[in-house]
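Here the chain labels run A, B, C and D in written order, and each chain numbers its own residues starting at 1.
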């Protein structure tokens, strides 16, 4: 595995995320139907189809515009809360990679952090509110720590994926304070959050896209 | 689950529905660009344009209110899902004019995010757009906490009065003021008596126990909390009206628009019984049912139930409510 | 059975419903005499009056079509039951004028008996009344056997064109001729996908097996015969349209009004899918979908399904269909 | 029991019919719900309430106007097919008793016959079509025969009631060709007709009204 992520590698990561979501979309719909409207699985499918179309269409070696196009394509999904949130994750990453031809471990971690900032600009949801923020924030924190302590790209992705999965799992015991599931109040406790689970699949897919042994 | 619906392929549902919708209303609406619903006879460019966005599956809302004296452009999303910012920006661009654009947004997380992202982009492009956010669902929480309150069928009165003001040539700020005054004086409560199915997934979107009703259920089947035994039309009217009047701190002498929005399988007959009781109750309190609208405005598929929306009216709002309009789902002569 | 309906005492249902109905439409309709639904602004006496009768429970039909350019008086009966002759005679008396009265009757045994008895009495009193009987339900039997054919939602186009002719000041015979031409060129077929309950008795009024649909079911749940697996919107449109075109012996070049009447819980979304397919099919045959109307016109409580009504139009019928009208359930500018 | 029916006796007969219907209205609704719309029971209740109101309000000794008022009151029921049919039965009887202060056996039979003619003027339904005609026609024929062969009033009523009951029972094996039940075609076979059953109760009630031992 390479020590730098250029457009080819980023495309592989993105396709990995799409594949992982596609393999798990039924679960996502089921989780959303507990307190939400059950559309999260199909919305994520549409989002990933748009993502792949943008990756296919991307030409040249511009990381920033690859991520911008992916973000814009996901924003273009008529997907309730998911489109803007997930779209802005990639739009945020795009801004952070301005001027980079490739990303090393800390640049990737920084890009993830900017992505999360893009998401958090859209919502007041905080960690603990049972939303995708609960998977995003630990994933990005883990990526930052690993990069700071000198970990390589693969370790960054591996730790981010593990933290996202743990963060998503932890939403099971939370009560939803954002999104449609907020309306069922304490009844939301006991089921993991759909959006957080999506994020955990996305990070798992990033890893698989880069490391076919993962 | 086998749905009792007449459908084709789910992935084509919204597209085919929109094609049928404009075929049903050929003199009134058309599709433009990325499936924006627009007026066949556009308003003159020196008047403020009204734009809204929202998920599909609630027909006739919201695109059914595109027309003279109402909306200029509606951006329909997927089933129960807000359209993404790119199409919304396109709508704001299409509506762009010196007189300005009034952007009506119902408070649901996806709609708000998409609207705000699109507004930001539009403003960067120099588009003169101002937003009114509707959040009149009293089941979300107290009036002091508007973010928690959803936008329900009360979007219609806001569209109606602001649309009339725009048609009269009033400025963007005047249209916004009228919209905000209507919004600030509205309160809505939803009642569900039977569930529905999601037309793409077939999932049950509200599971209401036999013989029960749910007060405060959202328009996508989000649970509401107030599950209780099914009451009579009169008792239901009493419970709901009391909560709404309380929220609005209504006083004797107040005049109201009373709008009963059937959400699907509840009949006009039932809504008329409820309206009758609301009229009696208001009269007993020295208040007035000054205007009424009863019908299917913002539906939730075949769900049983209705939304009761009341709006305090002043003379100006009354005149704007009465002004002529001509849209697929509402025509006033 | 526990009904999922908001009701009060069954014995007051129709009375309370009518009170709510006029409260919902105060500028348009009022109750007069023995619960006759009349126009608030009556038509001038030198113009032909239109009167109809019919059971309640089908709202907005028929009283929802009382208004300018439509009906002058509707006599609502009990739930699904025609009003008796005494109230119908009273309506004919109230409508009486030199210009004459056009009496629109839907072919159901009770309605016809009551109408004929009332007509006989009215004529004895010197009232100038002529009757048009609607019987466009092709599931009843061949066109050659009109007595077996029920009157369904096709009453609306007849009311619309005759109402426009009357408003234009045409003679009774001219109004009758227009009504009869519309009637003779119409065909309707009903489809049911889910049942309903009788609002007074709570009885199931159509028991449709899971995953099935019934073509030709009557509007009180009378069995139709054509029980078959539930089809897609496109296939359903094809089956129904083929039967209607066959009945009307339609030819290339024919122009049609296509009216889709949702009978209760079927959504506008589904009806738009069906309309889209009907438009495609007509075009492929060299025929034209010249006019459309999609919505709830004559409902059957919360039944799922719709009636497809097509009517061959000539230029005069088109112009009358397009003429302005203003009633609670249909307004044309 | 008297040998002549004046207003008092006719009022008793009419009240007897109302009582009998009231005791059996649930069955009537059930029978109508098989092929019809299930409202026949409640319609008959309303019709009988109107009948009783008309009887209560009737003043004086005019048989013709008593029967006319009853007929008109039943016509005034918003009762689909039942109002006109049953109303015209009494309107027909009313015309036939013109000029009579009281009715003997043959005058009663003749009045019944005129009542049936009033019904049959409203409908093309023939005996065998599974409608109330199937109870009315045999009832009236039996009344006519009994009167002709010198039977007294009570025998006329008893034979009419028996024939109406037999006629109603026989509709069980018929296929409906009129009324809403027509639409279910052969599925209507196996259930007696609601309207014919009503007629059998009315004639049973006439008898009970005159003969409290019946």
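Brief remarks follow.
The rule is short, and it goes like this: a contact is a pair of C-beta atoms (placed from the backbone, for glycine too) under 8 Å apart; a residue touches a chain by one contact, two chains touch by 3 or more.
What you are looking at is a predicted structure, and each value in this text was computed from that prediction instead of being measured.
Using the average of C-alpha coordinates as each chain's centre, D ends up farthest from chain B.
Centroids built from CA atoms put chain D at 78 Å from chain A. One simple way to say how far apart two chains are is to compare their mean CA positions; for chain A and chain B this gives 33 Å.
For the pair chain A and chain C, the distance between mean C-alpha positions equals 55 Å. Within chain C, no positions touching two or more other chains are listed.
Touching chain pairs in this entry, ordered by label, are A-B, B-C, C-D.
By the touch criterion given at the top, residues 14, 55, 77-87, 108-111, 113-114, 116-117, 198, 200-201, 203, 205, 218, 220-225 of chain B touch chain A in their complex. Within the complex, the chain B residues that touch chain C are 2, 4-8, 13, 16-21, 23-26, 56-57, 59-60, 64, 193-194, 199, 210-211, 230-234, 236, 264-276, 279, 289, 292-294, 296, 299, 301-302, 304, 324, 326, 331-333. Listing the residues of chain A that touch chain B in their complex gives 29, 33, 35-39, 42-43, 46, 72, 74-85, 87-88, 122-123, 178-180, 183-185, 187.
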